[in-house]
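In what follows, subunit A forms one complex with subunit B and a second complex with subunit C.
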Partner chain A sequence: MFNKFSRRAGSGVAVTVAAALMLTACGGNGGGEAGGTPDPNEEVTLNFTWWGNEDRAERYNEAIALFEEENPNIDVNGTFMDFPAYWEKRQTEAAGGGLPDVMQFDYSYLRQYGQNGLLLDLNDYVGNGLTTDTIDDTLLATGKLEDQTLGVPTGYNAWSLFENPALIEQAGVEGYEGGTSWEEYEEYMASVSDASDEVFGGTDYTGRIQNFELQLRQEGRELFTEDGQLNFTQEELAEFWSSTADLRENETVIPARTLEELLPKSGFGSNLTASEMTWSNFMGGYLGDTGAEDLNIVAPPTNDPSVKDLYQKPSMLHAVSAGTEHPEAAVAFVEFLINSPEVGKIFGASLGVPASETALEGAALEGPELEVKEYLDSVADRIGEPPAAPVVGYGALENTFLTLGTSIGLGSISPEDAAQQFFDEAAVTLAG
Partner chain B sequence: MTTGSAHAPVNTRTTAEPGTRPAGNRRTGGQPKRKGGKDNLAGYLFLTPWLIGLFALTLGPMLFSLYLAFTDYNLFTAPKWTGLGNFERMAGDTVFWGSVQITLIYVLVGTPIKLAAALGVAMLLNFKSKGTGFFRSAFYAPSLIGASVSIAIVWRAMFSTNGPIDNGLNLFGINLGGWVGVPALVMPMMILLAVWQFGAPMVIFLAGLKQIPGELYEAASVDGAKAWRKFLSVTLPMLSPVIFFNLLLEMINAFQIFASAYIIGSGSGGPAGATNFYTVYLYTRAFTNNQMGYAAAMAWVLLIAVGILAFILFRTSKSWVHYGGDTK
Partner chain C sequence: MTTANIESATNSVGSPVRPVRKRPQTPRKTAATVAWIVGIVLLTAVVLYPLLWMISASFKPNAEFGSNQSLLPENPTFDNFVKVMEGVAGIPTWKFFWNSTILGIGAVIGTVISSSMAAYAFARLDFKGRPLFFAMMIGTLLLPFHVLIIPQYMIFRNLGMVDTFFPLLVGKFLATEAFFVFLMVQFIRNLPKELDEAARIDGCGHWRIFWSITLPLIKPALITSSIFAFIWSWNDFLGPLLYLNSPENYPLPLALRVFNDQSSASDYGATVAISVLALLPVMLFFVIFQRFLVDGVATQGLKG
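Let's turn to the complex of A and B:
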């Protein structure tokens, strides 16, 4: 009875997001012919969307203009938004059956969209419209889900540690060399914080789930089990959050209260901390935020450098909607964005160090972007297999982790209670 | 004589003076006779755009959300019926109760302060002097721009470390630092933002004050009442219908606080849940966590809770709201 009722309610007009999607979601087109190149005589309009700032928009517009010049019959209609709004919009479109033809895609949403049949399997086009042998196999695998190729990585990055040489010099201490023990990193942070009134050595790293993952991988474990459940105990999480209590108390790390005021910038981006761990593609953003001429990028701490704790993460992927009316044209556009040396030149490393050899060649990296590439090469020994594509709801869990970490930093919740809350939340999120 | 129900419009006070015809007679006697179906049809035709809007854009989605409240729905797969599951989860959700708590504090503390400020300023502006027109507009301005995103951003900046508020308080030897990163100081900051937007209730109060007959004050003066006494015995009772109206409206508005909290808390309800108001949490559940069923359930709980509070207000109003013509 309720099902019938919901249908009637939904059939009204456009109504809410929720209503409309239910009905149309099943509509999609039934899967097409295998591969091929677009018909040069057919007039085609492709919708393409990405998240990012003005700078990225300019680059994409340049690339689109170039593509349209090469394919006069294809008209690409590009739109962009910031990251959170981007996914809200995609989710409502996914529900309503109106996803754009080509989308810049994020690793953490791949499983959610892929499992629900919303993305086109590109396997049929590989070698027939889409070239992927320009891309490293492990990296290419990050766009795959159960043998389907759902996304093609634009570029890659890895977890890393940024340092601000100007601040280190100002404090008059030695920089952190990278890749040594966690204790040494903490000592380094303390040396900066003690030497300076305004600048702190770093940020409390327990706020980010990636650092927890890093420590787990250093023990040879992953965040999630193979069947997508949490692969650690509540006590271990509480212990992780407690492990930096001293650093917070002594203000070796920047106080959470200050960080709250700085949002959306980070402490590092605001020139208040001398180091921070994050993804290596933050180089460009951090150079902009800090206004620094140069930033150093080194390996995150580890107690055992022989363990393969790091991995290559696709900075972003390009995916094609399963419901597209012009799969050949869409694939041709993806091929262009991924492999074209001209596109490589336009973007440099701003979408991660280009995944494709041909794009990388075209990019001719230099300066800070070259430093990122050199960093990635330098940690090659520590780079292991990437974890399985993030579980559905990973984005929400990552967010919960961050919020709870901040609350601990503000002293409004104990690590034990926070771990309890995280597990309660995960039970709900991972049950679906 | 008592006319109308407890919540009749304010202006019945002037129309239903003793001595006029009884209300009942006027109603039946004054109404034109029905002219048949044609006029009705025309009437409904004129109503159609609104009716379509009501059914398609308001009622339909509302009923659908009522259905969703009893399901698990992640936008990607069809809703799964879970009965009261969402409500049971809500009962055990500590973050939910945290958001209920801060929302109630915000409503119960913020609304009276805002109304007091509005009434105070309205009384000041009720004096006849040069430039009141200008001041009325000036005081009204914040409520015109208050809901906007830019104001929330400015507010955030004002209360940051070394912002105007911090520096201003430093002059008086009060050293609180920035308010934005301190959970305990975020609530006062949010309430101040709400209070600052007292313009709308102020204008209504002003209109109400203008309707109080001057003779009442003169009579009170003759009886030797001082300003405070006049305020308590003349202004407040005469103004009580307006106060009731404002209280109801502002309370319901306060429950719906979203934009400013979302921006000041950077969308995450931070710091430490201090801006995780009911609607912010609802939004997070719906659009960050994709738990549309849970969010729909939350929306209905809010609707019912606000409905109950409004009902209680109406009930108590009988004892403190005086309409003109009441014999009390």
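Let's turn to the complex of A and C:
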């Protein structure tokens, strides 16, 4: 009774407190004089942490064992949690001064931790303990903030469109070839929904901020301005949300109510929609959720295929804590995780298609993972510069966008009111 | 001194034998009873539905989550339990149960010992500033836990206690749960002071009075505290999350989350299966101790 607090509320407060503390104090000092390889005679213990399921834990344990074999003086303590809890714990550690030496990091948190001086600048180690020539420059740039290198991407993915061939066949229609106009995609969705009683052509894509970003990038714009403010008007957002009103009305897309009932699974994962746009690394999860033997992955719609609207998103990065006592050993471990062909072999594409050439070679992708890699290669012409590292609070905005999109789908709010609400919340989030 | 005594005792406790006039049950009353019972059963069904769903869902194969909305699995399977018992990343599942058990039992022992002693002091000892200290103790109830998270973390980190069970148990042995202390203080205040005085005349000090008079009489409060302390500890997520790093030290609530990671493939079947397993000990604990709870309340009634 008295002891029961909502965990969500708890984390909220923890985050606020942590943020406040980080603003006032704690600019961890960098690892001293830079560069070099670890002293092979010094006994070192590194703490390493990641989020993920038990399958990933087994892979990391394997990689750690291999690293310890090669570096007998370094002992790596691995620890893991699921994604939300992982960040709750990091916030407390950031404020309390106990961040682990090496962390699997998420793109959307990079700015927040980097701005507060909690991450080690790896620039001094590049070419001197850390090899980055193996990674594509635009992708490598996603781990940079201003001139500092704060994280090294493990792998990458891109926005994509998944299709379930079994459902398309069942409906007896042609699949969507990918990369054509939005109208054609909508016609395709309608053809599936009309042909089948149970299966829908797709999900209302206006529910996700990435699709809005995609349309903006197709006009040569970004979601945020350089100084981190919204780069679109309230009217444009309302228009975007209204653009699929017909699809919702005709039930061309799966009704929001059904989607709510399916949570935590998606409509696509439940075999109820024939297509869905999401990040390309969802392949593994969707194969598991649908139980399908094969899923197709094609390019998202665009009205102008020559525009570079897609970008390589680091699926995750590895970062070193600014407060680490053993920066050389930590960097050596990151180097091993990023570039070693053995690690590439252990993980395949489960951390995204490997960013490093050497790891990619070791990975020897096959099956669905190879399909994802081939998709990424096929859209190479549409891949442009990635947007600047997400603003602080991007995760919250993304979530607000999703919630409002769902409310529109449920008919509980009009697109205009939703846009108003989004701008109100963004004003608070982005000002803070 | 034996059978006769017990019988007479039972008789005196039970109601005196009196002729009961059989009243004919009116049909209206029967109808009301039926409606009453049906209502209760329905309500119970509603309350128990999530639990039922969980138990039944633990036999659903992973692919049925999302597609099969009905209560019963279409293809019942034991695979989820088999998968769960294999453990996580080389750590056997019993280890998580073991960790949870140590934490739970530690919490119960610590709470019972420390809170009862603190409560005795507040209720029976006359020391300077007692009202102030009592108010401060109650004041900690009003202090949100979240305010303490970071300072507490820093203290335990500087003491080098992170990744051990100490941060999770030390507080329990220092009577930091004001709720339990308060509960016991109120209980002890209700005990007649004459019992203490009689003991003092017989030459007891505070220690002996506490041990021989107070403790046996506050048994119901001790049991209530034990039940809550155990359940809270068993279900605690945030504390272990912050203080434990090594997966070998994880208690169940942390291990549970590992099966259900949204950023990679989630194993819903395994999550539900381990949830069912994690519930069993708590339910068992409650069933066992609830008997004592009722027992204790009954004893207390006799005291007058």
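Of note:
Just so we're on the same page, the second predicted complex is superposed on the first by the 402 of 432 C-alpha atoms of A that agree within 3 Å, B and C clash if a C-alpha of one lies under 4 Å from a C-alpha of the other, contacts with A are read in each partner's own complex, and residues count from 1 in each chain.
By definition in this document, contacts are C-beta pairs under 8 Å (C-beta built on N, C-alpha and C of every residue); 3 or more make two chains touch, one makes a residue touch a chain.
Small disclaimer: the values here were computed from a predicted structure and weren't measured.
When both complexes are overlaid on chain A, the residue A:95 reaches subunit B and subunit C alike.
Legend: residue contacts after superposition of the two complexes on their common chain; A:80 is shown touching subunit C, with no touch to subunit B.
In the superposition on chain A, contact of A:55 is made with subunit C only, not with subunit B. In the overlay built on the shared chain, the residue A:47 is in contact with subunit C alone; subunit B does not reach it.
With both structures placed on the common chain, the touch criterion links A:285 to subunit C but leaves subunit B unconnected.
Of the two partner chains, neither subunit B nor subunit C is touched by A:237. Contacts of A:223 after superposition on the shared chain: neither subunit B nor subunit C is touched.
Judged by the touch definition given at the top, the superposed model places A:277 against neither subunit B nor subunit C. Once the two complexes are laid over each other on the shared chain, residue contacts for A:396 go to subunit B alone; subunit C is not touched. Shared interface residues of subunit A (contacting subunit B in one complex, subunit C in the other): 2, 5, 9-10, 13, 17-18, 21, 88, 92, 95, 261, 264.
By the touch rule above, subunit A contacts subunit C in their complex via residues 1-5, 7, 9-10, 13-14, 17-18, 21, 47, 49, 51-58, 61, 77-83, 85, 88-89, 92-93, 95-98, 100, 261-262, 264-265, 269-272, 284-285, 288-291, 350.
On the side of subunit C, the complex with subunit A involves touching residues 62-63, 65-67, 69, 88-90, 141, 144-147, 149-150, 153-154, 157, 162, 177, 179, 228, 232, 237-238, 241-242, 245-247, 254, 257-268.
By the touch rule above, subunit B contacts subunit A in their complex via residues 52, 55-57, 60-61, 63-65, 67-68, 70, 72-79, 81, 89, 93-95, 160-161, 177-178, 180-183, 266-273, 287-292. Those residues of subunit A lying in contact with subunit B across their complex are 2, 5-6, 9-10, 12-13, 15-19, 21-22, 84, 88, 91-92, 94-95, 112-113, 116, 118, 255-261, 263-264, 393, 395-396, 399, 402-403, 406-407, 410, 412-413, 421, 424, 428-429, 432.
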